[in-house]
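Multiple structures follow.
Each of the next two complexes has chain A plus one more chain, namely chain B in the first and chain C in the second.
Presenting the complex of A and B:
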């Protein structure tokens, strides 16, 4: 029996040889052993593709590179992308937001047993009960059975912080945000962050100075989290790429928890339902 | 500031042009008094108040932020306040999670005929902020130094 890795390569080879896509986006390992996105244009190159538990990037992000025609009169390129279950939700989000067209994307879905960040299992994976992507064209199934953990309290880690006093939380976040070097890697890795001009870099209006000071860092992180309120799929790509190890997933998970409690909504279940902040219900009365 | 001096908070109010701003106007013409701590910014609709405005206000030294809009169903643009309601319900929880007291952001519906209500909510909010003291974001650097020393000890 072939391994998952080999089956991903077979699927990629088939797409490229039949010229159904011009590019396959998958994971590869750099010379130094770090996982990075791979853009495969030739069927001979598919051997570069890998799969492992440290594949913690969200490759749907890179579909933004293929959403425009490369030139006048040239059609939008068709691409194939390797997705984990959480990434598939991001795909649904981008379909809802009309960033990509379904017919231009071939989805190589993976059943996923959870990934790691710097050797540690991801928090979201420990609570994840979804092992098959919500959308795929080809499904690459895992070799063995995947144990789905019995989820008691999905947001226990966030709840713990909710019980602190505001002063304790500020002290915690001041220490975490202080490490930020404002490299914006979290923004670049996120499938939901695709503004042409980011608020963090906008000059007119000048929302935030480029100073490397705590207030600016605080502003940036709260702003980034809020722009993903009800849109974040908890793929944790932001946390995976953060060079300073800031627990960004805590902010995202807090908002996911509140969105679920207030609106009963989970991002990316299907490409038709509007995220909660893009719609409203005249009947509802929310506690502020 | 000596101990006898009362803490005067800086409060920024985003008021919808059609209801709350007119409500504030009515409070003035009907001689209802409200605290001078409020800096009013007129916006076309409570739906126009980007959460960035609120964040920026806090970052630039506001001790409290009010967002006042039309009552549900009364929006001049039919739906702006419904969007605002959802947005601020979440924004509240995020600000609270990142270390700001939840009471520092206040969202209320005030119509053009509610001059008295405008004066009342503004007074109540100002009193609450006065009780809470200056915004912790203004001394975040101090909080950080203190946290560092605790870690070292």
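Presenting the complex of A and C:
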């Protein structure tokens, strides 16, 4: 029986050899042992691909780099991407938002038992019961059954914040955002953050100062969380890439909880259903 | 050489903090950052490499550089001069990083007045590294874990305390007030790393500009600003006049300067929307070429001091030492 890693490599090799794609986006390990995205252009290089519980980036983000023709008269490149179940939801989001075309992407789906950030099981995974991606072309299954945790309250981690007073919340986030350096790694790693010009950087109108200080950092994170309400797939890539270890999943999951409670909606179930905040339905009944 | 004990150093720092702003590495949720402390107590003693360099205390991440009052006439007012401050626990690589920033702001005309005032107001007390840490490589750039270059005072941990080396005139004046006793001391030799790549010449870098390697290494680049913000030598900034007060007949603006980064797409965008570095690979390549070719050639200064922070901070594992090694290999 081959390992998951070997089967990922086999799938990648096949796509490249049969020229179905020009590039396979997967994970590799640097010489220092750091997991990082790998871009494989030659079948001979597929041995670089790896899979492990520390593979915590959302590679769907990189599809934005392949959505435009690289030059005049050149077709949009076809690529393959390795996805976990949460990443597959991001793919559906981008399909709904017409950022990518399904026929240009080959999806190597992995069954997933959860990943880690800085050695700790990541928050969303502890409440996630999804084992198979909602979209894939080839499915790479883990050996044996993957346990699904018995979860009573899917947003138990957010409850604590719900119990705080507004002043307590403000002081908690002020303390966390104090470390923020406004590097935008969270935004750049997010498959749902792809505006050509971010509100945080817009010059006309000038929404936010260029200052790297607490009010701007606070504005940036809260604005980003709201723009992702009903669009966040809880892949936690933002938290994984944060050089200051800011617990961004807490912020995103708070909004995911609200959206699910109000609209009964979870991001990325399919590529057709509109995220609730992207539509206006006068007849809509909120579940309040 | 004069030596002081940890207790003497603590006491001296405690009283120093009464007179001047004292900046030192502190531990905030396991992140080591240079912040203001009220004495020796808040300092993250025993730290290895900090997550951020002390750069922001010489070249603030955000700073008003002018105040503009627009009423019936326009008045331009200077900002307050920075208060005297001591940055304690500066690693030797970061002091060389400050010299690199000096090359842009001080060593060429016109001098940057605000930076000069910060430099003048700041004393750097270094703490020698007993060894090279996990990600750093100062020796590749001609530095050393115990280098005094760019520091005012260097402290080296020895048995029972710290050896004091006063380096600059400013350092000598401050060190004169430090407690301690003269002793016959031999400073310990730091443990160096073996097998590091060699940094190639700017001419050799120039030859490799067109290599496909640059697009491959930047495939994974997210285009964030983490590497440049943690860097002790990156000194690019954005300037904008921002309204701070508006009332009938009067508007008050601040001319703000804030760090910027060549790795983001908006950095090079110009009026009309044209971007001379339209792809991420051009932008990331620029970061490396700035460090190892343009800045050394144009300013006769290092663009990298080998602190290794960008290696740790990069969310997608882009490794500057791997890049240095790859260029070394391409040339060979």
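Going forward, the second predicted complex is superposed on the first by the 283 of 288 C-alpha atoms of A that agree within 3 Å, B and C clash if a C-alpha of one lies under 4 Å from a C-alpha of the other, contacts with A are read in each partner's own complex, and residues count from 1 in each chain.
In this text, a residue touches a chain if its C-beta (ideal position, glycine included) is under 8 Å from a C-beta of that chain, and two chains touch if they have at least 3 such contacts.
On a predicted model such as this, the values are computed, not experimentally measured, just so you know.
Engineer: With the two structures laid over each other on chain A, which partner does A:178 touch: chain B (first), chain C (second), both, or neither?
Structural biologist: A:178 sits against chain B and chain C alike.
Engineer: Does the superposition put A:280 against chain B (first), chain C (second), both, or neither?
Structural biologist: Only chain B; A:280 stays clear of chain C.
Engineer: Between chain B (first) and chain C (second), which does A:85 come into contact with in this model arrangement: first, second, both, or neither?
Structural biologist: neither
Engineer: Who does A:109 touch here: chain B (first), chain C (second), both, or neither?
Structural biologist: neither
Engineer: Of the two partner chains, chain B (first) and chain C (second), which one does A:212 touch, if any: first, second, both, or neither?
Structural biologist: Second partner only.
Engineer: For A:34, is the partner it touches chain B (first), chain C (second), both, or none of the two (neither)?
Structural biologist: Second partner only, chain C.
Engineer: Please work out whether A:133 is in contact with chain B alone, chain C alone, both, or neither, and reply first, second, both or neither.
Structural biologist: Once the two structures are laid over each other on A, A:133 reaches no partner at all.
Engineer: Quick check for you: in the superposed arrangement, does A:192 touch first (chain B), second (chain C), both or neither?
Structural biologist: Once the two structures are laid over each other on A, A:192 reaches no partner at all.
Engineer: Determine, under the contact definition given at the top, whether A:26 touches first (chain B), second (chain C), both, or neither.
Structural biologist: Neither: A:26 stays clear of chain B and chain C.
Engineer: List the residues of chain A that touch chain B in one complex and chain C in the other.
Structural biologist: Correct list for chain A: 178.
Engineer: Please name which positions on chain A make contact with chain B in the complex.
Structural biologist: Per the stated touch rule, the residues are 161-162, 166-167, 169-175, 178, 199, 207-208, 214-215, 218-219, 221-223, 225-226, 229-230, 251, 254-255, 258-259, 262-263, 276-277, 280-282, 284-288.
Engineer: Would you tell me which residues of chain A are touching chain C in their complex?
Structural biologist: On the chain A side, the touching residues are 30-32, 34-39, 57, 61-62, 65, 176, 178-179, 181-185, 187-189, 197, 201, 206, 209-213, 240-245.
Engineer: Can you list the chain B residues touching chain A in their complex?
Structural biologist: Listed in rising order, the residues of chain B that touch chain A are 51-52, 55-56, 59, 72-73, 79, 82-83, 85-102, 105-107, 136-137, 140-141, 143-144, 146-148, 151.
Engineer: Can you check the complex and tell me which residues of chain C touch chain A?
Structural biologist: For this pair, the touching residues of chain C are 28-31, 33, 51-52, 61-62, 135, 216, 219-220, 222-226, 229-230, 238, 240, 242, 256, 258-259, 261, 264, 266, 280, 311-313, 315-319, 322.
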